Each structure stands twice: as structure tokens, then as C-alpha cells.
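Structure incoming, see below.
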Amino acid sequence: MTKIKFGIAGLGRIGKIHLDNLLRMDEVEVVAVADPIATELEMARKKGIELVTPSYETMINSKTLDAVVICTPTDSHANYVEIAAKAGIHVFCEKPLDLNLNRVVEVLSIVKASGVKLMLGFNRRFDKEFVKIRDLVEGGEVGVPHLVKITSRDPGAPPISYIKKSGGLFLDMSIHDFDMARYIVGKEVIEVYAKGAVLVDEKIGEAGDIDTAIVILTYEDQSMAVIDNSREAKYGYDQRIEVFGSKGMVQSNNNFHDSHRLYTATGVEASLPLHFFLERYAEAYKNELLNFLGCLINGDSLPVNGQDGLISLKIGLAALKSIKEERPVRIEEIQ
Amino acid sequence: MTKIKFGIAGLGRIGKIHLDNLLRMDEVEVVAVADPIATELEMARKKGIELVTPSYETMINSKTLDAVVICTPTDSHANYVEIAAKAGIHVFCEKPLDLNLNRVVEVLSIVKASGVKLMLGFNRRFDKEFVKIRDLVEGGEVGVPHLVKITSRDPGAPPISYIKKSGGLFLDMSIHDFDMARYIVGKEVIEVYAKGAVLVDEKIGEAGDIDTAIVILTYEDQSMAVIDNSREAKYGYDQRIEVFGSKGMVQSNNNFHDSHRLYTATGVEASLPLHFFLERYAEAYKNELLNFLGCLINGDSLPVNGQDGLISLKIGLAALKSIKEERPVRIEEIQ
Amino acid sequence: MTKIKFGIAGLGRIGKIHLDNLLRMDEVEVVAVADPIATELEMARKKGIELVTPSYETMINSKTLDAVVICTPTDSHANYVEIAAKAGIHVFCEKPLDLNLNRVVEVLSIVKASGVKLMLGFNRRFDKEFVKIRDLVEGGEVGVPHLVKITSRDPGAPPISYIKKSGGLFLDMSIHDFDMARYIVGKEVIEVYAKGAVLVDEKIGEAGDIDTAIVILTYEDQSMAVIDNSREAKYGYDQRIEVFGSKGMVQSNNNFHDSHRLYTATGVEASLPLHFFLERYAEAYKNELLNFLGCLINGDSLPVNGQDGLISLKIGLAALKSIKEERPVRIEEIQ
Amino acid sequence: MTKIKFGIAGLGRIGKIHLDNLLRMDEVEVVAVADPIATELEMARKKGIELVTPSYETMINSKTLDAVVICTPTDSHANYVEIAAKAGIHVFCEKPLDLNLNRVVEVLSIVKASGVKLMLGFNRRFDKEFVKIRDLVEGGEVGVPHLVKITSRDPGAPPISYIKKSGGLFLDMSIHDFDMARYIVGKEVIEVYAKGAVLVDEKIGEAGDIDTAIVILTYEDQSMAVIDNSREAKYGYDQRIEVFGSKGMVQSNNNFHDSHRLYTATGVEASLPLHFFLERYAEAYKNELLNFLGCLINGDSLPVNGQDGLISLKIGLAALKSIKEERPVRIEEIQ
């Protein structure tokens, strides 16, 4: 079997994870990486990667790639996807494609014309907890879903510099939850009402963002989802889902460091949830790439395609508009 | 010690519970009951109650009462409270005082002028689960509260006839949650956004009500609460609270029939939550009367007074207005 | 309906509980109590009990009793049961009947000849947790039971004076677990191996007792139970059972003060188990008397009879012999 | 840095796991494997291992190894360790060293004389659940340990052919628990009482073994441990520990497939424990090799040495003797 030849753009936190996971997959050969930082390139070279370069274009033009994994900052995603698509290279890209809706539409159209496959990195769809909930819901175990509840709280706020260019809470953080809301019950969202506040850190407010939010999503069949977000849960990364329906309810809980319970005269103590998304979603990162491989090798359909990214972005933009105009906003208003 | 002489108006489900609880309190003597149904009166007579009468006025005019417990249908509450207050009799009244805001204001003014004590039956404030959460929040264990989450789902919808005159989901069911939202963090609500749907039973929609709802409450300090309601949770009575704040998070869970876990080849099974509010809140019903007694005997301040009822009603009316006008509604708009 | 007329002997902690429970049962009239302490008698008189006397015999000879509840110290049980039986009065007696095997056999024979009903107070058989486990086991949910595990730890040791005359850990404390081991799987024990130690308090050792023990019971079909006991669990009353069988496993957990979980930067905290047997088994005490009433009124068979007391005593004596002789002891050796 | 050169003997289930783990460690180079099965060798060659051979001696004599991992059948362990030690090669060996006590003593003496390091594969010592319990116990959180409870049940019995040569339940399965009993509280065992039965499969009895057991271990300070074992837990691999002491109690639970809870009208359902030891202890297998590496590279002291294997074997032999002679057996009797 000839191996699928991969390039990786961006060796930041997530890029490194994808690199390590790809290096362990028998069907894959990582042949190139591109990153502006020399020490990262050196690290990659030591792992046996032939082409290490500061230039994305150089990597693409090397003509050796079957697929590329894009983990660079958000503002390069659209261009990099476009370049790869035009070169006939399949793309796995971290979300979001772009913060500008028109640009996303344009890129998706280029991708479509090129015939390459584009998968977006909504990693949570590949977490065993959420897959289980989705499977149970799909199997009808809770009947018709009436209410979806998503708790999604980060252990700490990112730097203000990141917040300023990330698109803010709804586009860099809640966007995962918007995708999850669609994924978990397989229904489309038609309306968004968002309420936000600055309760964690005033600097976040000064940067034009919020740090705490509740968002109500209305599905096409009038059932609803509610998401609660915070930038700072002092007890760790809090990622839970509940689906309530006509026949029952199903919940997932966080993943914990261990299961111990300590009973003493003063109370019962247990370990905290895993603190960081890299720990919690370590397996999910692996699984999403395995799914992408399945698409490339076996022609499986893409589990998360560009359209999914486009829709989540629209929900995020609707949430922003809802906050601004203090009213529910219909998705069809976002064009 | 002379005992406090009680009368009870209404011997329905809740009236009977109050009767049984009062009969077991050493400081209390139940001297009269009023109810239109002869068999209920006969039952009460067998329990040794001297005056049993179909007429509320007869009971009040017997001049023997120190206090009265009103558990009659909602539309009689305001009048009965007024009559008792004017007779100088302390009142424990099931919520709500009335569905009409002006009438509530009027009655509260009469009560105030009379000098009698009026306590409202927000029984959940006396449930050990919620008291514990409140105590921990008050003690600063979660820091400044940012998000309150209340899940409140009934095991089954009441008869359509009841729904028609009850004021609907927000005024007969969610009103408990509106009170809880204030109680649990000790902050006032300034804005309400409500989203509702008919997903359980079309007949509920035909009766002009909804059966499923999500309500966002905004507190005076911009922190938020979110309530999710359903008329029909097939797995039983679902009553949970979570408070998330600057230092952490605290949750309460439902109360279950028992703690067993059965492990077999097909999975792990456990018992369901208590199915009915009378089971879940049996102790709370006792505790609220003990608190009322404490007010009468020791002059303790009322833990739930008429003003609390008025505010919850305003939140409920704001929720109704929000649904109708599809926008957030400020409490000050409700006059 | 004429009410069943009850007398109560002994108004200590448990006597008071039985008194209060009986006073609330419609089918019961408590007509007499006997206790050496005048203030206890005065308390009972205030509750409306006609005959209050320091003399058990006076109570029995009053000719007014249908049934008697015996909650006096252990060394009086056998005599009091004998007196009641000879007077034709049904008996509910706290365990154990006596610490001397021959005396127990003798009393049971007198009871049998008299035709009165004798129920023993193995209250745990009426706890909802254990009833559930028993029902699931009986229903075949775990298949053929292979292993039973009973954890039974008291929150603190009783006074040394009590230990000296109680028969020690096996006869005053573990005896409940010996009964539970039989009840929970409906099988008889044929062999006992016990290992004990003094780890909590040296004074217990000086009094000739142990405070920590592990006991292996072998059932007639070679399946086994293991019990672990301690006089002092600093975190409260620890009462758990697990039954493992050919098809699966079922566990019960302790009952807790409340269900809260507090998440902060340092860990997750929860409430402790109920601390005291009176709290944990409050409902069980009620249920066992209701069962006794069912026997008297409807002729239901006795759920715990004198024979059950005899067998548990034999297991306890075998455990003592096992400790002394450092070997497994067969029940048939205990005569 | 020069890498540590490893050879692996035996590419069965566990050998493959060690191989994969070693291949991912930067400080390690796997230079040779020995296994009698040609297809396994071919698999290893494809992973880039230079020397693949059916002969253990050939591998050892290649003079290229710093360390060897021995995962062959039990009856070869002692000889292979001896050969490696004499060749000056460090050894990581799966337990047990041998079923014959004298042979173990002899090999340990050879190892000692050789100066090589010998670590035994008691993998559970490296499981995060048990490490946490050990850390809490060591930190004094439960005070002085009084009772240790170990539940250890396999999801299904091994083939009868394996049972016949494995040494039976106590030497192939419980031996992990004997080691755990020492590890978890850091105390030595002085006496063993074992009770066993054939309840799962008669064929196991015909093969001279038992399939269900309860073992009481007495520590040097009179505190106790109790282990319950079964060859067949239909619900999966059951591995739990509880330590009860003078200040409190700590428990670990199984690891589950996921955390979901499904509530429907018929009950609450959850996922089963991980079914197989390879899943449950996947991380532990990694950690134990990392610890071994730490010993080789940094000179860390061995976390599980040959002496630990010897002591666990003695406890196992004492358990066998206890079953046979139906009495508690002191470790010092085992010579």
C-alpha cells in the first residue's frame, strides 16, 4: 500500500498534536511541515520529516502532498485552503475557515470546483462522550428531542491579544457548541437569542468581547437548545451535554483525573475534571484524523465538511447580532 | 404553653399534607377546617378536629383561630387572605396570591395595614438540597455567582382544565423557579427573556399555553440565570440547580428511590428520581410550616413574604410578555 | 375497627422511636408504657398514654394489651418475652433475645407453646436500600449469588460499660450483618471464619472485645459472604451491600445528607453519609412496625421470627469461637 | 544522547503492547525481538526492528542490548532472566518469575550477583487510580489504615489449558492483588486465610483450581486486607480498592466506557466498566516502562523489584496452603 503523504501547516499546540498522531498512523507518511519558527522546524526534522520550511507555498509546491493539515492562525485559513484546493490537495483545516461570511462562501465554492475534500476540525464530534450521546439520541432512546443543554466553560481566558483577533467568545469558543447543537440531535437551527456579560475580567469587555453568555437556539421543529459559556471555570474544563426528549433524557459528564472518593470527618472529596482541552480531547484529536483518513482511503463521506463550518459561523454571527440588537435573530437574516 | 390554634382552608392534596404535618407539631392545635366536600370534612372530624365546615367565613368567624393555612384553588386566595387579615388572623397561603398584579398589590396593602403575618408557600426554599446550595453560595464557596441553572420538569402535564385557569406554565409551574432564582443567590431579577414551545401535547397549545420553555433571567449585576421547563419528564420529577461563580460551581441532584446500581452484561442500571412533588418535597412541606411557626412563636422574620410572591408574579408576567412580543422584557415594564 | 392495644417496655432511644411511630398509626392505640425513669413516664403521660408505670409486670397484668414492644436492655429480653407470651400478648422484641443459646431455645419453645407472635427487631431488613437489593437478587437479576459483601461500620464506639455487657462486637453489632447475610440471598450459613483486631481503642481490647473485624461466611452452596466491621468510621455510619453472582452484580450505597457537589480550584466536595443509625434507619423502624401490624391484623407471616434471632446468635457465637481457636467453625458445632 | 537499546522476548498480547510503547519513547531504540512465530517476527521487521529471531539466546548473544523485556510464558521467565543477568543485560520481566519458590530465590541471587536491574511487571502499581489511593494513604489522609478491601474480578475465565499450568487463581490472578495489598499501604503481610470455591465452571474445579475466592491478609500491625476474586464478572473487568483507616476512607472505582446516564420511564442506565485488562491498564503499561527507563537512565530505585515478586509468590503459596489445610497460614511457614 502506498501511504498518504501529509503536510502540516503550523506547529503550534494543535499542530504538534496532529503531527504526533499522524506519525503513529501506519497509512500515513508526514513528508513536510511549514512553520515560521525555526526551532519548531528543527524539532520536526528530528522526527524524520524531509521537507521543513517556513513557507506554506513552498510546501504546497513541492508536489509531494496528498493532503494538508492546516493549524495556522485563523486569518490564514481561507487563503491556505484556497491554495491547497487549487493544487488538488485534500485539506483538513482547523475551524473556523474565516470570520467573514462572504469569504467562507467563496472558498467553499473554490473547494467544490477543485474536487478536493475539505474537513473541518470540530474535534468534539469525535469525543467518545458526545458520540455516545449522539448515538443514543439517533437510536431514539430519548424520543423526539425537546431540549438540548450544553455547558461549555474554559478553565481560563486566553490572552487579550488573542481575544481581539479571534472573533470573540461566540466565534472562537461557542462555535464548537453551535456545531455540537446541530450534531447532537441532527437538526438545523433557525433562530438565535444571545445574552452576554463581562463578569470574569473587565479587560475582556474593554477589548469589545464578553466572557460569560447564555444562548438559546431554536431548531426548525421549535425544539430548543441552550448553551452556557464562561471563559473561566476555576475547577477546570467543563464540557457537558444533556438531551431531553419525549421519552427521556441523557447526559454526559466531564472526564476526571481519577475516580477516587475520600471520606473524612469533614466531607467527601473527589478529583477535578481534566483541566485542559488537550487532555480532555486527546482521543478526539486522534479520531478526527482517522476519520479524515477514512475519507481519503475508503471514500467515506466527510463527517464535518465546509458547509458545517459555514452554518456554525452563521449561528455565531446571529448571536453577535442578537447581543447587539437585544432580540432573537433568525439565521436567514445572516447573509 | 398555649398552643397556636390553626384552621385549614382546602383539604386537597396539599391541604391534607399540611393537616397531617400540623397534627404532629406539639406547639399547634388544629381547631378547624373548611372544605366544600363532605367526605373530606368527615375525615377531618375523625382526626379530632372540632370545627369542620364547608364555609371559609364560618371558620374565620369562629373567633378561635390564631392562624389559617389556605390551600384552596388559586382564584380564592386573595379574598381568603383579605378576610383573614381583616380578622387579625395570621396567614400561610399557597402561591400564587392572585394572577392579577393589581389585586396582589391591593391585598398586600391590606395585609400590611392589618399587621398580621403572611407567608407564601414557596416550599422549595425549605428543601434540604436547595438550602444547602443557598448556604454554600451565601458562604462564598463559589465566589460571585455568574450563572444559575435551574432544571424543573414535571413528570406529567396536569389536566387541560387546570391549565386553562392556572395562568399557564409560567404562573403555575415556573413561578417556583423564578422564586428559586432569587432565593438561591439573593439577587434581584431585572430582565426576562422567554422562549416557549408546544412539544408535549397539542391540546396544551390549543388551551393557549406552552409545555416546554427556556427562560433567561438577568440579575441586577448582569449575571444570569437560565431555567428549562417541561410539563412531561417521562423519568420522573426533575429538580436540579447549579450555581457557577468566580471561584467554582455547586450542583444539586435529584432525589432517587434508592441508590442501587445493577451491573449486568448489558449495562449498569439505577433507580429513577422520585416521581412526584409530594414525595420529593415531603420534608420541605414540614419545614416551611415549622418556619411559619417560628415566626408566630418567636417573632422570626418571614422567610417568604407577600413581596416575594409579588416579585415572582412580575417575573412570570414578564415571561409571558416576552413570549408574546419576542423580545427581552424588563421587570420595571410590568406594572 | 377496634385498634390494636400496644404497650412499650423501655423508653430509651429506640423505645422513643417506636412510641412516636406507633402514635401515628391509625390502627394502633398505645395504652401503656413501662420504664424505670420517672421523667420518661411523665413525657409519655403528656402524650396521652393512660398507664405509665415503672413495672413491666404491672403493665402486662393490666390485661389491656394486645401486643408489647420490648426495648429494654438485652439482659431483660428473654424474661420479658416469656412473661408476655405466657400472658398471651404478642411481642415485638429488639434483638438479641439473649446472649445464651440455651436460654433462647427455651424462650422460643415457650413462645411456640403460647401461640403468640414474636417478631425480632432486625430493622435493616426494612430499609429501602436493602429491600431493593434483596428484591433484585430474588428476581434473579444477578443470577446465582457467588459473593456477598457487607460493609458495616459505626460512626463511633459505644461506652466501654456497654461493650462489657453487650456480648461484644459480634453479638451486638455484627449480628445485624449476620442476619443481613442470610436475608439478602435467602441462603443459610454453614461455616464462619472471623479475624479481629483492636485498632480503634485499646480500652476495647482491655474489656475483652475487638473493634475491627473481617468475617467470612460460607453458605450451604459454597458461595460466600464477607463482612467488614469497625466501631469507628470518622465519616459517619457506613452501611453498604454488594451481591455478585453468575449474571452480574448489584450494590447499594450509603444515604447522604444531600446530593450537592462543590467544584473549586482545589477539588470536588460532597456531603457525608448520614451519621447515625437513627437517621439512616428512621423509615426502616417505621416499616418494621407496619409489618408487625400486618401480621397481627391480617395474619401475614412474620418477616423476622425467633428462629432468625437464634440463627444469627449461632453465627455470632461461631465467630467468637473462630477468633478464639483461629480456625473456621461450622455452625453445627454451636449447640 | 545515546538511546537505550531494548530487546523484547515474546510478542504475545503483552509483548505487543510493550513493543508499541517502547517504539514511541524517544530515549529507546528497540533493536531486537525474539519469538517463535514467524508472522510475529515479520510484523516486527516491518516496524523497523533490525534483529528478529526465534531464539532468545541469539538475541541476547547479539551483544547489542542494554535491556530486555521478557513477556514469554511463565515457565521460561526464570531461565531467561538468568541468561540476561549473566550477560549483564537489565531485565523487565512479566510476573511471576517462577512458580517454584526455591527457583525464584536462586534467580534473585544470580541477578544480585550480576548487578543488573530487574523490574517485575506488576502493572497495576502504575495505574492512576491506585497511585492516587496510595498517595492519599501515604499522605496520611485516612490516618492509620485498618482495613484494605480489594475487588478483583476478571471478565471471563482463561482456557482450562492455561489454568492448568498457570499456578491457578492465586498465582496467576490474585498475585496482582497480593502485591497491591502491600503496595497500597506499604505494610508487610504476616498471615493469610483463604477460602475458595468452584462456582463459575466445574471444569475449573476438575483442573484442580478454584474460580471464586475470598482471602484475608493480616499485616504486621494486625490491620487486615480482604480480597475477593472471581474468574467471571459478566459486566466486565472489576478492579476496585478501598482503604479504611483511623481518619477516614478512600475508594477508587472502575473505569467506564463513558459517563452517560440515560433516564427513561423504566430506569437510569449507564455504560459498563472497561471490559478487558488491556484497555483498563493501557496507560499503566506505558507508565511502568517509563519507570523502568527512569531506573536505567537516572538511576532511580526500582519501583517493583525481584523481592516484591518473591513476597507475592509466598503470599500466594500461603493462600494455597490455607485452602488445603483449612486454617490461617503464616508467611514464615512458607520456605
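Note that the chains are named A, B, C and D in the order they appear, and that numbering of residues resets to 1 at the start of each chain.
The rule is short, and it goes like this: a contact is a pair of C-beta atoms (placed from the backbone, for glycine too) under 8 Å apart; a residue touches a chain by one contact, two chains touch by 3 or more.
Here the structure is a predicted model, which is why all the values come from computation and not from measurement.
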Which chain lies the greatest distance away from subunit C when centres are computed from Cα atoms alone? A
Weigh B-D against A-D on C-beta contact pairs and write down the one with more. A-D
With chain centres taken as the means of their Cα atoms, state the distance from subunit A to subunit D in Å. 40
Can you give the whole-Å distance between the Cα centres of subunit A and subunit B? 42
Please work out the Cα centroid separation of subunit B and subunit D, and write it as a whole number of Å. 58
Where in subunit B do residues touch two or more other chains at once? 233-235, 247-249, 263-265, 271
Counting only contacts in the complex, subunit C reaches subunit A at residues 233-236, 263-265, 267-273
In their complex, what parts of subunit C are in touch with subunit B? 24, 128-129, 132-133, 136, 141-142, 247-255, 257-265, 271
Residue numbers of subunit D touching subunit C in their complex, please. 143-144, 146-147, 149, 151, 153, 193, 195, 197-200, 212, 214, 216, 218, 222-224, 226, 228, 230, 232-235, 238, 244, 246-249, 326-328
